[in-house]
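Following are the structures in question.
Next, two complexes with chain A in common: one pairs it with chain B, the other with chain C.
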Partner chain A sequence: MNKKKFRFLIVEDDEMIRLIHKDFLGELYPDSEIIEAENGAQGICHYFESHPHIILLDMMMPIMGGEAFLDILEEGHRSKILNKKPKIIVVTAIKDVKELMSIGKRFAVEAVISKPLVQNQLKSLLEDWIS
Partner chain B sequence: MNLTHSLNDDLKTAPVFEIEKALNRVHNKKDLLKRVIDIFVKSLSERINAIEKELEQQNWEALGTLAHSIKGSSWTIGAQQLGNIAYAMEKAAGDKNLHLFRELVQLFQSSVQRFLDFEKNLNNLTSESSSIR
Partner chain C sequence: MNNVLIIEDEAVTRMMYKSYVQKIAPEYDIFEASNILQGICLCFDRHPQLILLDMIMPTYSGKLIIDILEEGIKHKIISYKPKIIVISAIETVEELTSLTQRLLVSSVMPKPLPFDTLAEILTLHLKL
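This part shows the complex of A and B:
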(Lines of atoms letter the chains of each structure in order from A and count residues from 1; the text may use other names and numbers.)
(Lines give C-alpha, C1' and ligand atoms only; values in the text may rest on other atoms or scores of the structure.)
Protein backbone atom coordinates (compact mmCIF):
# COMPACT_ATOMS: atom_id res chain seq x y z
CA MET A 1 0.00 0.00 0.00
CA ASN A 2 1.20 3.47 -0.88
CA LYS A 3 1.52 5.66 2.20
CA LYS A 4 0.86 8.93 0.34
CA LYS A 5 -2.69 8.16 -0.69
CA PHE A 6 -3.55 6.36 2.49
CA ARG A 7 -6.90 6.82 4.21
CA PHE A 8 -7.46 6.11 7.88
CA LEU A 9 -10.79 6.02 9.66
CA ILE A 10 -10.88 6.55 13.42
CA VAL A 11 -14.11 5.30 15.00
CA GLU A 12 -14.01 6.47 18.61
CA ASP A 13 -16.57 8.30 20.78
CA ASP A 14 -14.01 10.05 22.97
CA GLU A 15 -12.88 13.34 21.39
CA MET A 16 -9.69 13.33 23.45
CA ILE A 17 -8.65 9.88 22.26
CA ARG A 18 -9.54 10.76 18.66
CA LEU A 19 -7.22 13.76 18.92
CA ILE A 20 -4.33 11.59 20.18
CA HIS A 21 -4.86 8.91 17.52
CA LYS A 22 -5.12 11.56 14.81
CA ASP A 23 -1.90 13.17 16.00
CA PHE A 24 -0.07 9.80 16.01
CA LEU A 25 -1.25 8.89 12.51
CA GLY A 26 -0.63 12.39 11.14
CA GLU A 27 2.94 12.30 12.41
CA LEU A 28 3.62 8.82 11.05
CA TYR A 29 1.93 9.42 7.69
CA PRO A 30 1.74 13.20 7.05
CA ASP A 31 0.26 12.84 3.56
CA SER A 32 -2.50 10.50 4.56
CA GLU A 33 -6.17 11.40 4.93
CA ILE A 34 -7.65 10.89 8.37
CA ILE A 35 -11.42 10.63 8.77
CA GLU A 36 -13.13 10.65 12.16
CA ALA A 37 -16.38 9.07 13.35
CA GLU A 38 -17.93 9.37 16.81
CA ASN A 39 -19.71 6.01 16.78
CA GLY A 40 -20.23 2.89 14.70
CA ALA A 41 -23.14 4.36 12.73
CA GLN A 42 -21.09 7.36 11.62
CA GLY A 43 -18.23 4.98 10.98
CA ILE A 44 -20.32 2.87 8.58
CA CYS A 45 -21.38 6.00 6.65
CA HIS A 46 -17.76 7.15 6.36
CA TYR A 47 -16.70 3.66 5.38
CA PHE A 48 -19.04 3.58 2.38
CA GLU A 49 -18.21 7.18 1.42
CA SER A 50 -14.43 7.04 1.72
CA HIS A 51 -13.34 3.38 1.64
CA PRO A 52 -10.55 3.75 4.20
CA HIS A 53 -7.58 1.39 4.03
CA ILE A 54 -7.14 1.11 7.79
CA ILE A 55 -9.67 1.57 10.58
CA LEU A 56 -8.93 2.19 14.25
CA LEU A 57 -12.04 0.95 16.02
CA ASP A 58 -13.23 1.43 19.59
CA MET A 59 -15.65 -1.23 20.84
CA MET A 60 -17.81 0.40 23.50
CA MET A 61 -19.50 3.48 22.07
CA PRO A 62 -22.98 4.97 22.45
CA ILE A 63 -25.54 4.74 19.60
CA MET A 64 -23.63 1.98 17.80
CA GLY A 65 -20.63 0.12 19.21
CA GLY A 66 -17.77 -1.66 17.50
CA GLU A 67 -19.50 -5.04 17.63
CA ALA A 68 -22.37 -3.85 15.42
CA PHE A 69 -19.91 -2.04 13.14
CA LEU A 70 -18.03 -5.33 12.61
CA ASP A 71 -21.30 -7.25 12.11
CA ILE A 72 -22.28 -4.93 9.25
CA LEU A 73 -18.89 -5.06 7.53
CA GLU A 74 -18.67 -8.85 7.86
CA GLU A 75 -22.19 -9.26 6.48
CA GLY A 76 -21.19 -7.00 3.58
CA HIS A 77 -18.29 -9.34 2.77
CA ARG A 78 -20.37 -12.50 3.16
CA SER A 79 -23.01 -11.16 0.78
CA LYS A 80 -20.27 -9.86 -1.58
CA ILE A 81 -21.55 -6.27 -1.38
CA LEU A 82 -18.07 -5.32 -0.18
CA ASN A 83 -15.08 -6.51 -2.16
CA LYS A 84 -12.11 -4.93 -0.43
CA LYS A 85 -11.37 -5.85 3.16
CA PRO A 86 -9.98 -2.94 5.17
CA LYS A 87 -7.49 -3.65 7.93
CA ILE A 88 -9.25 -3.10 11.23
CA ILE A 89 -7.31 -2.48 14.41
CA VAL A 90 -9.49 -2.64 17.50
CA VAL A 91 -8.24 -0.22 20.16
CA THR A 92 -10.10 -0.99 23.35
CA ALA A 93 -10.12 -0.53 27.13
CA ILE A 94 -11.87 -3.91 27.55
CA LYS A 95 -9.91 -5.94 30.10
CA ASP A 96 -11.80 -9.24 30.01
CA VAL A 97 -9.47 -11.78 28.34
CA LYS A 98 -12.26 -13.94 26.90
CA GLU A 99 -13.92 -10.90 25.40
CA LEU A 100 -10.63 -9.72 23.90
CA MET A 101 -9.99 -13.18 22.42
CA SER A 102 -13.42 -13.32 20.84
CA ILE A 103 -12.88 -9.87 19.25
CA GLY A 104 -9.47 -11.00 17.95
CA LYS A 105 -11.01 -14.06 16.27
CA ARG A 106 -13.43 -12.03 14.19
CA PHE A 107 -12.97 -12.21 10.43
CA ALA A 108 -12.74 -8.45 9.95
CA VAL A 109 -10.24 -7.81 12.76
CA GLU A 110 -6.51 -7.78 12.01
CA ALA A 111 -5.26 -6.74 15.44
CA VAL A 112 -6.43 -5.87 18.94
CA ILE A 113 -4.54 -3.24 20.95
CA SER A 114 -5.27 -2.29 24.56
CA LYS A 115 -5.81 1.34 25.45
CA PRO A 116 -3.90 3.50 25.96
CA LEU A 117 -2.55 3.19 22.44
CA VAL A 118 1.24 3.56 22.25
CA GLN A 119 2.54 5.25 19.09
CA ASN A 120 5.46 2.83 18.62
CA GLN A 121 3.12 -0.14 18.89
CA LEU A 122 0.89 1.36 16.20
CA LYS A 123 3.93 2.24 14.07
CA SER A 124 5.35 -1.28 14.08
CA LEU A 125 1.96 -2.73 13.19
CA LEU A 126 1.38 -0.28 10.34
CA GLU A 127 4.90 -0.69 8.96
CA ASP A 128 4.03 -4.28 8.07
CA TRP A 129 1.19 -3.06 5.90
CA ILE A 130 2.36 0.27 4.48
CA SER A 131 5.44 0.54 2.30
CA MET B 1 -21.51 -5.65 48.20
CA ASN B 2 -20.42 -2.34 49.71
CA LEU B 3 -17.27 -0.40 49.08
CA THR B 4 -14.79 -2.10 51.38
CA HIS B 5 -12.20 -0.17 53.37
CA SER B 6 -9.36 -1.76 51.41
CA LEU B 7 -10.93 -0.91 48.02
CA ASN B 8 -11.68 2.60 49.26
CA ASP B 9 -8.04 3.01 50.37
CA ASP B 10 -6.70 1.55 47.10
CA LEU B 11 -8.78 3.96 45.05
CA LYS B 12 -7.95 7.00 47.17
CA THR B 13 -4.22 6.35 47.28
CA ALA B 14 -3.83 5.90 43.50
CA PRO B 15 -2.09 8.95 41.98
CA VAL B 16 -4.48 11.70 40.87
CA PHE B 17 -2.25 12.51 37.94
CA GLU B 18 1.02 11.05 36.68
CA ILE B 19 2.64 13.68 34.51
CA GLU B 20 5.43 11.40 33.29
CA LYS B 21 2.95 8.80 32.14
CA ALA B 22 0.78 11.46 30.50
CA LEU B 23 3.71 12.98 28.61
CA ASN B 24 4.88 9.53 27.58
CA ARG B 25 1.43 8.77 26.15
CA VAL B 26 1.65 11.81 23.85
CA HIS B 27 5.32 11.35 22.96
CA ASN B 28 6.36 14.29 25.15
CA LYS B 29 4.31 16.79 23.17
CA LYS B 30 3.31 19.31 25.81
CA ASP B 31 0.99 21.28 23.53
CA LEU B 32 -0.90 18.12 22.63
CA LEU B 33 -1.12 17.15 26.31
CA LYS B 34 -2.60 20.56 27.18
CA ARG B 35 -5.22 20.24 24.42
CA VAL B 36 -6.03 16.70 25.50
CA ILE B 37 -6.41 17.67 29.16
CA ASP B 38 -8.59 20.62 28.16
CA ILE B 39 -10.98 18.27 26.34
CA PHE B 40 -10.86 15.81 29.25
CA VAL B 41 -11.72 18.48 31.82
CA LYS B 42 -14.63 19.78 29.71
CA SER B 43 -15.95 16.24 29.36
CA LEU B 44 -15.92 15.57 33.11
CA SER B 45 -18.89 17.77 34.02
CA GLU B 46 -20.88 16.41 31.03
CA ARG B 47 -20.09 12.88 32.09
CA ILE B 48 -21.06 13.47 35.74
CA ASN B 49 -24.39 14.93 34.56
CA ALA B 50 -24.93 11.95 32.27
CA ILE B 51 -24.15 9.49 35.09
CA GLU B 52 -26.62 11.23 37.42
CA LYS B 53 -29.32 11.15 34.74
CA GLU B 54 -28.80 7.48 33.86
CA LEU B 55 -28.55 6.54 37.54
CA GLU B 56 -32.04 7.92 38.17
CA GLN B 57 -33.33 5.47 35.54
CA GLN B 58 -30.92 2.74 36.68
CA ASN B 59 -29.91 2.35 33.05
CA TRP B 60 -27.05 -0.04 33.73
CA GLU B 61 -25.99 -0.49 30.14
CA ALA B 62 -25.54 3.27 29.65
CA LEU B 63 -23.82 3.57 33.04
CA GLY B 64 -21.42 0.77 32.11
CA THR B 65 -20.61 2.44 28.76
CA LEU B 66 -20.06 5.82 30.46
CA ALA B 67 -17.79 4.33 33.13
CA HIS B 68 -15.88 2.37 30.49
CA SER B 69 -15.31 5.52 28.44
CA ILE B 70 -14.14 7.50 31.49
CA LYS B 71 -11.78 4.67 32.42
CA GLY B 72 -10.19 4.67 28.95
CA SER B 73 -9.64 8.40 28.73
CA SER B 74 -8.48 8.72 32.36
CA TRP B 75 -5.86 6.02 32.03
CA THR B 76 -4.77 7.43 28.69
CA ILE B 77 -3.79 10.76 30.24
CA GLY B 78 -2.37 9.32 33.46
CA ALA B 79 -5.36 10.24 35.67
CA GLN B 80 -4.89 6.92 37.44
CA GLN B 81 -7.24 7.52 40.38
CA LEU B 82 -10.17 8.56 38.18
CA GLY B 83 -9.52 5.62 35.87
CA ASN B 84 -9.42 3.13 38.75
CA ILE B 85 -12.67 4.47 40.21
CA ALA B 86 -14.31 4.40 36.77
CA TYR B 87 -13.17 0.77 36.36
CA ALA B 88 -14.81 -0.10 39.70
CA MET B 89 -17.95 1.76 38.50
CA GLU B 90 -17.96 -0.22 35.26
CA LYS B 91 -17.85 -3.48 37.21
CA ALA B 92 -20.56 -2.29 39.64
CA ALA B 93 -22.75 -1.37 36.64
CA GLY B 94 -22.19 -4.86 35.24
CA ASP B 95 -23.33 -6.32 38.58
CA LYS B 96 -26.22 -3.81 38.77
CA ASN B 97 -25.09 -2.98 42.29
CA LEU B 98 -26.89 0.27 43.03
CA HIS B 99 -25.49 0.84 46.52
CA LEU B 100 -21.88 0.29 45.49
CA PHE B 101 -22.32 2.35 42.32
CA ARG B 102 -23.65 5.30 44.33
CA GLU B 103 -20.72 5.12 46.74
CA LEU B 104 -18.31 5.04 43.81
CA VAL B 105 -20.00 8.05 42.20
CA GLN B 106 -19.35 10.04 45.40
CA LEU B 107 -15.75 8.92 45.40
CA PHE B 108 -15.49 9.78 41.70
CA GLN B 109 -16.82 13.30 42.29
CA SER B 110 -14.29 14.00 45.04
CA SER B 111 -11.52 12.62 42.83
CA VAL B 112 -12.66 14.89 39.98
CA GLN B 113 -12.31 17.84 42.35
CA ARG B 114 -8.76 16.78 43.28
CA PHE B 115 -7.93 16.45 39.59
CA LEU B 116 -9.36 19.90 38.81
CA ASP B 117 -7.42 21.46 41.71
CA PHE B 118 -4.27 19.95 40.29
CA GLU B 119 -5.08 20.85 36.70
CA LYS B 120 -5.08 24.56 37.58
CA ASN B 121 -1.34 24.27 38.19
CA LEU B 122 -0.63 22.18 35.11
CA ASN B 123 1.31 24.88 33.27
CA ASN B 124 3.99 24.83 35.96
CA LEU B 125 4.06 21.08 36.20
CA THR B 126 4.58 20.26 32.53
CA SER B 127 8.13 21.55 32.92
CA GLU B 128 8.97 18.91 35.53
CA SER B 129 8.24 15.25 36.12
CA SER B 130 6.09 14.39 39.08
CA SER B 131 3.23 12.34 40.45
CA ILE B 132 0.43 14.00 42.39
CA ARG B 133 -1.30 11.97 45.11
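This part shows the complex of A and C:
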Protein backbone atom coordinates (compact mmCIF):
# COMPACT_ATOMS: atom_id res chain seq x y z
CA MET A 1 0.00 0.00 0.00
CA ASN A 2 1.13 3.51 -0.86
CA LYS A 3 1.94 5.88 2.01
CA LYS A 4 0.64 9.05 0.41
CA LYS A 5 -2.89 8.06 -0.53
CA PHE A 6 -3.42 6.25 2.72
CA ARG A 7 -6.57 6.67 4.79
CA PHE A 8 -6.92 5.68 8.44
CA LEU A 9 -10.16 5.59 10.37
CA ILE A 10 -10.02 5.76 14.18
CA VAL A 11 -13.25 4.60 15.85
CA GLU A 12 -12.88 5.35 19.55
CA ASP A 13 -15.16 7.08 22.05
CA ASP A 14 -12.40 8.26 24.41
CA GLU A 15 -11.25 11.61 23.05
CA MET A 16 -7.82 11.37 24.67
CA ILE A 17 -7.09 7.93 23.23
CA ARG A 18 -8.33 9.09 19.82
CA LEU A 19 -5.92 12.01 19.98
CA ILE A 20 -3.00 9.76 20.98
CA HIS A 21 -3.76 7.40 18.04
CA LYS A 22 -4.11 10.35 15.69
CA ASP A 23 -0.83 11.99 16.73
CA PHE A 24 1.02 8.70 16.49
CA LEU A 25 -0.31 7.87 13.02
CA GLY A 26 0.22 11.46 11.89
CA GLU A 27 3.88 11.32 12.90
CA LEU A 28 4.44 7.96 11.23
CA TYR A 29 2.56 8.80 8.03
CA PRO A 30 2.36 12.60 7.70
CA ASP A 31 0.82 12.49 4.21
CA SER A 32 -1.97 10.14 5.17
CA GLU A 33 -5.56 11.13 5.84
CA ILE A 34 -6.80 10.39 9.35
CA ILE A 35 -10.54 10.28 9.95
CA GLU A 36 -12.01 10.16 13.45
CA ALA A 37 -15.28 8.71 14.73
CA GLU A 38 -16.62 8.87 18.29
CA ASN A 39 -18.71 5.72 18.04
CA GLY A 40 -19.51 2.80 15.74
CA ALA A 41 -22.42 4.59 14.07
CA GLN A 42 -20.21 7.51 13.00
CA GLY A 43 -17.52 4.97 12.12
CA ILE A 44 -19.75 3.04 9.73
CA CYS A 45 -20.85 6.28 8.03
CA HIS A 46 -17.19 7.26 7.54
CA TYR A 47 -16.35 3.78 6.33
CA PHE A 48 -18.90 3.96 3.50
CA GLU A 49 -18.13 7.58 2.66
CA SER A 50 -14.32 7.41 2.66
CA HIS A 51 -13.35 3.74 2.33
CA PRO A 52 -10.36 3.85 4.70
CA HIS A 53 -7.56 1.33 4.20
CA ILE A 54 -6.88 0.71 7.89
CA ILE A 55 -9.34 0.98 10.78
CA LEU A 56 -8.45 1.19 14.47
CA LEU A 57 -11.59 -0.06 16.19
CA ASP A 58 -12.60 0.10 19.83
CA MET A 59 -15.18 -2.51 20.84
CA MET A 60 -17.11 -0.85 23.67
CA MET A 61 -18.69 2.44 22.66
CA PRO A 62 -22.04 4.23 23.11
CA ILE A 63 -24.76 4.27 20.40
CA MET A 64 -23.05 1.46 18.48
CA GLY A 65 -20.10 -0.70 19.50
CA GLY A 66 -17.38 -2.47 17.53
CA GLU A 67 -19.31 -5.75 17.40
CA ALA A 68 -22.11 -4.24 15.28
CA PHE A 69 -19.48 -2.49 13.12
CA LEU A 70 -17.85 -5.85 12.34
CA ASP A 71 -21.26 -7.50 11.82
CA ILE A 72 -22.23 -4.91 9.19
CA LEU A 73 -19.01 -5.34 7.19
CA GLU A 74 -19.18 -9.11 7.47
CA GLU A 75 -22.77 -9.28 6.23
CA GLY A 76 -22.06 -6.76 3.46
CA HIS A 77 -19.27 -8.98 2.13
CA ARG A 78 -21.18 -12.21 2.64
CA SER A 79 -24.10 -10.89 0.63
CA LYS A 80 -21.72 -9.34 -1.98
CA ILE A 81 -22.93 -5.78 -1.46
CA LEU A 82 -19.40 -4.73 -0.47
CA ASN A 83 -16.29 -5.74 -2.35
CA LYS A 84 -13.53 -3.86 -0.54
CA LYS A 85 -11.82 -5.39 2.46
CA PRO A 86 -10.17 -3.00 4.91
CA LYS A 87 -7.59 -4.06 7.47
CA ILE A 88 -9.03 -3.74 10.96
CA ILE A 89 -6.98 -3.50 14.13
CA VAL A 90 -9.17 -3.96 17.17
CA VAL A 91 -7.87 -1.99 20.15
CA THR A 92 -9.79 -3.14 23.19
CA ALA A 93 -9.89 -3.24 26.97
CA ILE A 94 -11.49 -6.72 26.84
CA LYS A 95 -9.35 -9.12 28.86
CA ASP A 96 -11.23 -12.39 28.37
CA VAL A 97 -9.02 -14.63 26.22
CA LYS A 98 -11.89 -16.50 24.55
CA GLU A 99 -13.57 -13.26 23.65
CA LEU A 100 -10.33 -11.83 22.27
CA MET A 101 -9.78 -14.97 20.19
CA SER A 102 -13.27 -14.83 18.73
CA ILE A 103 -12.77 -11.16 17.78
CA GLY A 104 -9.50 -12.13 16.09
CA LYS A 105 -11.35 -14.55 13.81
CA ARG A 106 -13.83 -11.95 12.58
CA PHE A 107 -13.90 -10.78 8.97
CA ALA A 108 -11.19 -8.20 8.10
CA VAL A 109 -9.72 -8.25 11.64
CA GLU A 110 -5.97 -8.50 11.19
CA ALA A 111 -4.93 -7.94 14.80
CA VAL A 112 -6.32 -7.49 18.28
CA ILE A 113 -4.31 -5.23 20.59
CA SER A 114 -5.03 -4.74 24.29
CA LYS A 115 -5.49 -1.31 25.81
CA PRO A 116 -3.45 0.59 26.75
CA LEU A 117 -2.04 0.41 23.24
CA VAL A 118 1.69 -0.25 22.98
CA GLN A 119 2.65 1.96 20.07
CA ASN A 120 5.54 -0.26 19.01
CA GLN A 121 3.09 -3.11 18.39
CA LEU A 122 1.00 -0.90 16.14
CA LYS A 123 4.08 0.48 14.39
CA SER A 124 5.44 -2.95 13.51
CA LEU A 125 2.04 -4.06 12.18
CA LEU A 126 1.72 -0.98 9.99
CA GLU A 127 5.27 -1.30 8.68
CA ASP A 128 4.36 -4.73 7.31
CA TRP A 129 1.46 -3.28 5.36
CA ILE A 130 2.64 0.14 4.24
CA SER A 131 5.65 0.53 1.99
CA MET B 1 -31.61 8.38 -7.15
CA ASN B 2 -34.87 6.64 -7.91
CA ASN B 3 -34.36 3.79 -5.48
CA VAL B 4 -36.58 2.25 -2.83
CA LEU B 5 -35.16 -0.10 -0.19
CA ILE B 6 -37.29 -2.73 1.55
CA ILE B 7 -35.90 -4.13 4.82
CA GLU B 8 -38.00 -7.05 5.98
CA ASP B 9 -36.95 -10.48 7.23
CA GLU B 10 -40.01 -12.43 6.04
CA ALA B 11 -39.51 -13.36 2.38
CA VAL B 12 -43.22 -13.55 1.53
CA THR B 13 -43.97 -10.17 3.11
CA ARG B 14 -40.95 -8.65 1.35
CA MET B 15 -42.16 -9.96 -2.00
CA MET B 16 -45.62 -8.58 -1.33
CA TYR B 17 -44.22 -5.10 -0.53
CA LYS B 18 -42.01 -5.27 -3.61
CA SER B 19 -44.80 -6.08 -6.03
CA TYR B 20 -46.93 -3.38 -4.44
CA VAL B 21 -44.23 -0.69 -4.71
CA GLN B 22 -43.48 -1.79 -8.29
CA LYS B 23 -47.13 -1.31 -9.19
CA ILE B 24 -47.38 2.14 -7.62
CA ALA B 25 -43.92 3.44 -8.56
CA PRO B 26 -42.75 1.52 -11.66
CA GLU B 27 -39.98 4.02 -12.41
CA TYR B 28 -38.22 3.21 -9.11
CA ASP B 29 -35.57 0.50 -8.67
CA ILE B 30 -36.34 -1.67 -5.68
CA PHE B 31 -33.66 -3.21 -3.47
CA GLU B 32 -34.37 -5.85 -0.85
CA ALA B 33 -32.64 -6.69 2.43
CA SER B 34 -33.55 -9.66 4.58
CA ASN B 35 -31.88 -8.24 7.70
CA ILE B 36 -30.84 -4.88 9.05
CA LEU B 37 -27.11 -5.39 8.37
CA GLN B 38 -27.75 -5.92 4.66
CA GLY B 39 -30.15 -3.01 4.79
CA ILE B 40 -27.44 -0.69 6.16
CA CYS B 41 -24.98 -1.74 3.43
CA LEU B 42 -27.58 -1.31 0.67
CA CYS B 43 -28.62 2.04 2.06
CA PHE B 44 -25.05 3.39 1.86
CA ASP B 45 -24.46 1.72 -1.50
CA ARG B 46 -27.68 2.75 -3.26
CA HIS B 47 -28.80 5.91 -1.43
CA PRO B 48 -32.50 5.08 -1.58
CA GLN B 49 -34.97 7.92 -1.53
CA LEU B 50 -37.33 5.86 0.59
CA ILE B 51 -36.91 2.92 2.98
CA LEU B 52 -39.70 0.58 4.06
CA LEU B 53 -38.43 -0.65 7.40
CA ASP B 54 -39.66 -3.51 9.53
CA MET B 55 -38.69 -2.66 13.11
CA ILE B 56 -38.75 -6.09 14.68
CA MET B 57 -36.16 -8.40 13.19
CA PRO B 58 -33.81 -11.04 14.60
CA THR B 59 -30.40 -10.02 16.06
CA TYR B 60 -30.59 -6.30 15.26
CA SER B 61 -33.81 -4.29 15.16
CA GLY B 62 -34.67 -1.54 12.71
CA LYS B 63 -33.54 0.99 15.32
CA LEU B 64 -29.90 0.40 14.33
CA ILE B 65 -30.22 1.88 10.83
CA ILE B 66 -32.09 4.91 12.20
CA ASP B 67 -29.37 5.44 14.84
CA ILE B 68 -26.59 5.21 12.25
CA LEU B 69 -28.18 7.52 9.68
CA GLU B 70 -29.16 10.09 12.33
CA GLU B 71 -25.64 10.10 13.76
CA GLY B 72 -24.17 10.49 10.26
CA ILE B 73 -26.47 13.39 9.41
CA LYS B 74 -26.04 15.09 12.81
CA HIS B 75 -22.25 15.07 12.43
CA LYS B 76 -22.39 15.98 8.72
CA ILE B 77 -20.67 12.76 7.64
CA ILE B 78 -23.43 11.97 5.18
CA SER B 79 -25.50 14.43 3.20
CA TYR B 80 -28.42 12.38 1.95
CA LYS B 81 -31.59 11.93 3.98
CA PRO B 82 -33.75 8.98 3.01
CA LYS B 83 -37.35 9.01 4.16
CA ILE B 84 -38.15 6.04 6.34
CA ILE B 85 -41.57 4.42 6.58
CA VAL B 86 -41.58 2.20 9.64
CA ILE B 87 -43.86 -0.82 9.45
CA SER B 88 -44.32 -2.29 12.88
CA ALA B 89 -46.76 -3.90 15.23
CA ILE B 90 -46.65 -0.99 17.70
CA GLU B 91 -47.91 -1.93 21.12
CA THR B 92 -47.65 1.22 23.20
CA VAL B 93 -48.19 4.93 22.71
CA GLU B 94 -44.67 5.58 24.07
CA GLU B 95 -43.20 3.36 21.38
CA LEU B 96 -45.19 5.11 18.66
CA THR B 97 -44.27 8.57 19.97
CA SER B 98 -40.56 7.76 20.22
CA LEU B 99 -40.54 6.50 16.63
CA THR B 100 -42.37 9.47 15.17
CA GLN B 101 -39.91 11.82 16.87
CA ARG B 102 -36.97 10.31 15.01
CA LEU B 103 -35.42 12.60 12.40
CA LEU B 104 -35.83 10.41 9.31
CA VAL B 105 -39.08 8.62 10.14
CA SER B 106 -41.77 10.03 7.85
CA SER B 107 -44.55 7.62 8.74
CA VAL B 108 -45.28 4.73 11.08
CA MET B 109 -47.56 2.05 9.68
CA PRO B 110 -49.18 -0.81 11.56
CA LYS B 111 -48.48 -4.41 10.72
CA PRO B 112 -50.25 -6.09 8.91
CA LEU B 113 -49.97 -3.24 6.51
CA PRO B 114 -53.12 -1.56 5.09
CA PHE B 115 -52.10 -1.33 1.43
CA ASP B 116 -54.46 1.50 0.55
CA THR B 117 -52.78 3.71 3.15
CA LEU B 118 -49.35 2.66 1.92
CA ALA B 119 -50.33 3.69 -1.60
CA GLU B 120 -51.22 7.16 -0.33
CA ILE B 121 -47.99 7.44 1.65
CA LEU B 122 -45.81 6.30 -1.26
CA THR B 123 -47.55 8.74 -3.58
CA LEU B 124 -46.93 11.53 -1.08
CA HIS B 125 -43.27 10.77 -0.27
CA LEU B 126 -42.15 9.75 -3.76
CA LYS B 127 -44.07 12.69 -5.25
CA LEU B 128 -45.76 10.42 -7.81
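Worth a mention:
Just so we're on the same page, the second predicted complex is superposed on the first by the 131 of 131 C-alpha atoms of A that agree within 3 Å, B and C clash if a C-alpha of one lies under 4 Å from a C-alpha of the other, contacts with A are read in each partner's own complex, and residues count from 1 in each chain.
Everything below uses one rule, namely that a residue touches a chain if its C-beta (ideal position, glycine included) is under 8 Å from a C-beta of that chain, and two chains touch if they have at least 3 such contacts.
Remember, predicted model here, so these are calculated numbers, not experimental data.
Within the superposed three-chain model, A:17 lies in touch with chain B and out of touch with chain C [touch as defined at top]. In the superposition on chain A, A:115 contacts chain B only, with no contact to chain C. Of the two partner chains placed by the overlay, only chain C lies in contact with A:49; chain B stays clear of it. Contacts of A:39 after superposition: chain C is touched, whereas chain B is not reached.
Using the contact criterion defined above for the overlaid structures, shared-chain residue A:82 touches chain C, although it does not reach chain B.
Comparing which residues of chain A touch chain B with which touch chain C, the overlap is empty.
Residues 39, 41-42, 44-46, 48-49, 63-64, 68, 71-72, 74-76, 79, 81-82 of chain A are the ones touching chain C in the complex. Across the interface of their complex, chain A is touched by residues 25-27, 29, 32, 35-36, 39-40, 43, 62, 64-65, 68-69, 71-73, 75-77, 87 of chain B.
Residues 13-17, 19-20, 23-24, 27, 58, 60-62, 93-95, 115-119 of chain A touch chain B in their complex. By the touch rule above, chain C contacts chain A in their complex via residues 35, 37-38, 40-42, 44-45, 59-60, 64, 67-69, 71-72, 75, 77-78.
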